[in-house]
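Here come two complexes built around chain A, the first alongside chain B, the second alongside chain C.
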Partner chain A sequence: MTATIGRRSTLALGGAAALAGAATAKAETPNEVEIAMLVPLSGPWAEQGILERLGAEMAVDDVNKAGGIKSLGGAKLKLLVFDAGTSAETAKDAAQRMVAQHPKLVGGMGCWLSTFTLAATEVTERADLPWLTLSYSDAITDRGFKYVFQTSPTANTQAEQIVPFLMKLAQDATHKRPTKVAIVGDNTAASVSFLKPIKSHILKQEKLTAVVDEIYTPPLSNAGPLVQPVRAARPDLVLLLSTSSGDDKMLADTFSEYGMPGSKLPLIGNGGHWAVPELLKNAGANILQDIMIGLANWPGKDLNALSARYIKRTGNPWFGHNEIFAYSHVQILAWALNKAGVANRKKVADEIRSMNVTDGPAVYFPGRHLQFDSKGRRVGAELVIVQWQNGRPVTVFPENMAVSKAIWPT
Partner chain B sequence: MFENILNAVAAGLIIGCIYGLMCIGLGLIFGIMKVVNFAQGELLMLGMYVSLYLVAGFTAIGFLGPYAAPFVAALIAGPVLFGGGALLHRFVLRHVSGLSTASRQDEGGFGQLIVTLGISLILQNGGLILFGSTPESVLTPLSASAFILGPFPTGALLFLNKAQVFAAVVAIVVAVVLWLVMERTTLGKALRAAADNPVAATYMGIDVDRAYRIAFGLGAAITAIAGGLMATYLSFTPFVGLDYVIIMYSGVVLGGMGSILGAFWGGLLVGFVQQASTLVLPPQLQNAAIFVVFLLIVGLRPQGLFGRSAERA
Partner chain C sequence: MRVGGAARLRRDSVALAVVAGTYLVLALSVHNAYYQLMLTLVPIWAVMGLGWNLISGMSGLVSFGHAAFFGIGAYVVTLALVYWHLTPWLGIPFGMVVGGLAAVLIGLPTFRLRGHYFALSMLAYPLAVLYVLEYLGFQEVPLPMHRAHPALFLQFNDPFYATLVALGLFVAAMLAGLLVENTRFGLALLAIKQNELAAEAAGLNTWQWKMRGLVASGAIAAAAGGLYACVLLVVTPDSVFGMLVSAQALVVTLFGGVGTVWGPAIGAAVLIPLAETLNARLGNILPGIQGVVYGVAIIVIMLAAPEGLFWEIRDRLFRRPQAAPVIHEARTAITVERSSGTLLEVTGLSKTFGGLRAVQEVAFAVAAGEILGIIGPNGAGKTTLFNLLNGVLPADAGGARLAGQELRGRKVHQVARLGVGRTFQVVRSFPRLPLLDNVIVGAYGAGLDDHEAAAAAATALDAVGLADRAARPASELTNKELRLMELARALAGRPRILLLDETLAGLGREECDDVLAVLRQLREAGMTIVIIEHTMHAMLRLADRFLVLDHGRVLAEGSPHDVVEDPAVIEAYLGSKFLARQNA
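Our next item is the complex of A and B:
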């Protein structure tokens, strides 16, 4: 028996196929596109996550007010925020819940602390979810992952850039090259990554000797046993590689207590937590004065209007490291969605992987260039250095972004 | 090197006194009620926030200035948490502790475990809703200044953080007052009787339920005062209790479960080991050093340093 398909049946099938196609197209051009943010909103790193959330929320509002994702018929971005908690385990659990309960996610960002990001991206990578991170550890993009994009200069890169800058600054100010450095830091992933190149070759290259090398497990209960050896060794500068503002306050307080505040001995911090409003509130402007901080990003002079809008919107005193990263990550996802023309996470990842722009989301980064290498690292990512001056962190490096001259305490 | 030793030993003793007070609170609750309170870290946290709000939030005692106000606030946190602790006992803990559970096979142990863990989670997350997650600290210029003593032989100077020194002095005074209350007053005798033999105490006319309520309130108050004192030199969030509850348990077990005086010495030893261990071990092993000493002492003297032979609560 043979079956024949008549003209009517063919027309009916064609119609059904067209309807199915339209339905598929409709499914991929939704009214809303979900993106995720997984950051610590509880525990010692919560303030960092809160600042990231404020930056991301403003970016989402900006994208939506500007007409949403145009190639998706003006679909609005919807930000889903998840708490990474207080440990790598809680971050990974939150990531698992996030990908399981929200299959429509097309991209995400987080988790601020490298240790959390390392854990959570194990999950997002398996889900093929493009993930943008400001975390510093080199290990994040050393694992051969395809869907993780690190927009910060890695800790290794930052270490390579900051020490020569400090040496030049010291030499210009004192006409003498520093020879002794003290290292005080915690044992989280970002700090470990930062210290690896410093200990392996940068100290030798810059003819520096580490006279103190004290590594602690956060949080600090008392910084005296870490600071006392610094006083005894009398270094020319101190690298402070803490990762929470609670430890930052205790370290800054204790250096001051031992007669070595940032205004007398060069104290160099690393990471956005050293430049958050809560630290100013808890430690005070005089304790923080002249402390320098190496950062992966900070708004330059050209983003003054954006900064002013953020300050007006949130009431926070400045638009800083965490906020601008979150803002730029949302803009990158919006850009990629627009290019992809479809709410599909793999296509969004493809677009991020192949992006090479000097406008759009690139304007939120020093160097105004946005491109990722095969590891997912931002090409040409540069360090920014800010310094606490009169109760505010101000940019002192690179020169094209600097709003104030760096002060080398003598 | 001598300067390092001098400063580490001094820091150990000072921090140890504050830890000692913190441990007394837990020791008191266990010693009298036999309740293993997993929410003790959160009582410490509440002490910190009460102190913060008294000094900064409501400026209730702000007029005392940044030097005295933080310590007065820490002391006021005690009575506030005494009330909270007594209420917690009245409405929750009495159902899983005391005479009402004496006939049960586990003497209420499983219930206590679940209830105190639950209280801990509720207080942590309630704190998060109420106080927010931003780290706070009770601002005082004392936290960034030191008494500088010396020079000692070899020119060594001793730096004593002023906030920690005052906190340690207040901790010792509170511990001594509590010891006097326990040893010299009728209330102390009633509490000790309720701890030793609740049934016999009942026959002697002691309201054991009331004694337990007072004991839980006192335990909460003492730990809250320690929290208020610690808030003068460190930042805290609603999850800060997690960092200290292990230290509290170590101190109480080291001192000898059931001994209030032992809890203080146990806490002092934990603080001393934590700070002085940096002289011979990397600072990242500070807390590991505590547990090495802990295992050694528990191995050699399972009843703890003071056990029951030195003192009975």
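Our next item is the complex of A and C:
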């Protein structure tokens, strides 16, 4: 008896679904699925957010042009953009507004600066909204959250990876292991957490001595007092842990003035701000030549076509760190929506949590593998290193992505 | 409670209850988490404004660095939760204690400064703490999520309760503010704001009152910061110690109204939602424009209502003549402890300013019940002598004893407490305070309790004949009334001796006679008076004895008629030619 009723109702449901599907098809205007982007669009970090938005918009257009979300009857993605503003408070307010006023959201991404991401994800987590972020801070995925996915290697991971790579690169080029490193960094959260593992054990592991360890409070007004000790100490390489393009320029300029440009002494920066068009415009190609930058992601040679399309579309000189992250985040959400077959944020989060792919959105990451661990960190996330060569940042590591060969200045 | 304070407190408490009740109904009717967040942030920023107002609004010591206290509250709550798992319910009170202690450490060196210097040095404290925290590695500290017991850790699932806690904190801060406003604490701060030297000369220990104000203010700001951390769930040095936090406290208070507890509440209730609405409406269309519109809105309103919305609204809608406060305490006549012999004895008192010897080895004695007139040409050192006597200036040598107690080396308010009343050459009033409050400051300065102070003020006002003017603000009084007000303020402290500095200056003949009548009555009551005066005809009618100063030295001393005929005095006043012609 119960079985009969069960079968009958199943049939009825199926029929209803088929009817609904037919109705959608007939209307020829597939419904929309809303996804959110919360990034700083005003204030000191606006430039970073604008680049992210450009990447996300291109991804949304690409998905929609390719037929939208197929399992949802070709539903189109709709990107809702919110300004995270200038402080943790404005970021949290915007996140709360986003969540409260757009109940149909199925996922989102942001907020570039880890402080903003920390504040905003307190809101998205409570709303069960899957959230993708490129922010580096380890704290973001150390809180036991279930709906936050960090696609970048965390600051600690990057620190663990960059020094061994540099050692290998130096040894290949000079047949000699570097022994002396100079560290110049600011005191912001990103730099401090990056330097922590380096100072605590990585230097020892690699038998390196920090001959200079200069910490400053940004913004820099004069880099001379920081660079002078480096010239006296004659290190084999210099780690520059600045966090804004303005300071990057001043450091690069001053090293050049003191006779130690990137083409003579290995200068290594970290973070997307070292590879933005603005820096090239302000510092010039000569000053930047051969400076290496550790990054969470950068398009490799297999994405040349995508880069070219972006350059044509926006007029920007290259497809960089922020843009590729935003692009990949949209692709991840589209993939998960397609897999879930329903515009439901919890289902989308389930799909992201259980994803384990080497194609689809995985192609936008170094290692071409996409899987998240229980903390929400990307499994096997590795660093990309780009080098300024002739006025362009080009990928030099990992080798399978390298567009050009790394130059170790001697 | 101040005179009329109990009635004001009752009235304002009712208003507060109505406001809080309305807010509660509003919070109950809102279910959108975003609007609930706004409803939580408004009281938090209002509390921050209340903290700032308590010291800067009331005492006029403008602080550009209240973020120091706000940030301390936020970091104490956060770090206690992270490292000791201490619930913010206890973390916030703990933060208030730390905030209060920080206020003591900040106040100790900073109260040496005044005006702009005070304001600017306050700016340094949050920046200093900010760098220390960055150095210690607390750049970004998230508050750990407690899913098992959200209410125990102030992490409610229903944001309504967060609003409720913020509202509770706001009501507590308002009550604290109202209590301060309506007791001698508030009056002392207001007196300091309007004329610190006068407050000090009236016997108030201004340093102590300022310190109490800063501690209370720091604790309130720390409470706001602690709750803010619980709402934001992540603290960074910039977000709680940054310039914008200090500015926010100033902006909500200046906008709403300085020097009243209602100001910060009005400011926060208007500005926080306004800024957020602009973010929501304009931020996504043209990012950054919200800041411009917000700035313009503030400028426009500040131009239209420079003292803040509260005062503007009150002046326009509720302006009514203030009834004189009723003083129930019995009035008594001025009585002075009668004694005989020397009351004040000055010996070898000297003061130099660089090369100028302003007062040189001045010695004289004042008998109890006597009126001593001090005369001398301009620049003779008369006012400097008074300043040395009551501690405004430190003497280089010599001493002064009042009934055997040394005055030299004591602070102004200590001298006042020993029984030295003082008026100033240029009247030092508290212009925005009613006459009664101007006078009662003197009674508080003498350490009288509320009832005694009210009685003493009423007695003093009766004695100078200003009882019917008690409710008038000092700014509306005539010159004669101001002179009498200062006299009454000195009398309210029940002094043993009065130092009157040119009390008759600028008065017409009839006004002069009125004041002289008051002074004569005081002498009949047994008051000892030392008076500096230029008006010779008045002095001749008033003083028992003259002391003549010239170039900082005592030139002559004796009965008025002997002194005015002394050739040396005539020469000092009118020159040697006049003397020669007279003798010829």
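Rule of thumb we're sticking to: the second predicted complex is superposed on the first by the 380 of 410 C-alpha atoms of A that agree within 3 Å, B and C clash if a C-alpha of one lies under 4 Å from a C-alpha of the other, contacts with A are read in each partner's own complex, and residues count from 1 in each chain.
The rule is short, and it goes like this: a residue touches a chain if its C-beta (ideal position, glycine included) is under 8 Å from a C-beta of that chain, and two chains touch if they have at least 3 such contacts.
Predicted model, so just to flag it, every value in this text is computed and none were measured.
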item: Touched partner set for A:R143, first chain B, second chain C, both or neither; value: second
item: First (chain B), second (chain C), both or neither touched by A:Q171; value: neither
item: Partner chain(s) touched by A:G43 [first = chain B, second = chain C, both, neither]; value: both
item: First (chain B), second (chain C), both or neither touched by A:A94; value: second
item: Which superposed partner A:T209 touches (first chain B, second chain C, both, neither); value: neither
item: Partner chain in contact with A:S200 - chain B first, chain C second, else both or neither; value: neither
item: Touching partner for A:N400 - first (chain B), second (chain C), both, neither; value: neither
item: A:K249 touches, of chain B and chain C: first, second, both or neither?; value: first
item: Partner chain(s) touched by A:N187 [first = chain B, second = chain C, both, neither]; value: both
item: Footprint overlap on chain A, where chain B in one structure and chain C in the other make contact; value: 41-43, 46, 187, 217
item: Residues of chain B touching chain A in the complex; value: 1, 3-4, 7-8, 11, 15, 128, 133-137, 139, 143-146, 159, 161, 164, 233-239, 242-243, 274-275, 278-279, 282-287
item: Complex interface listing, chain A residues touching chain B; value: 41-44, 46-47, 50, 86, 186-187, 214-217, 219-222, 224-226, 228-229, 231-232, 244-246, 249-250, 252-254, 256-258, 278, 282-284, 287
item: Chain C - residues contacting chain A, complex; value: 32-35, 37-38, 41, 131, 134-135, 137, 139-140, 142, 144-145, 157, 232-236, 238-239, 242, 244, 276, 279-280, 283-284, 287-288, 290-291
item: Residue ranges of chain A touching chain C (in the complex, touch as defined); value: 41-43, 46, 81-83, 85, 87-90, 92-94, 96-97, 99-101, 114-115, 118-119, 122, 125-126, 137, 139, 143-145, 187-189, 192-193, 196, 217
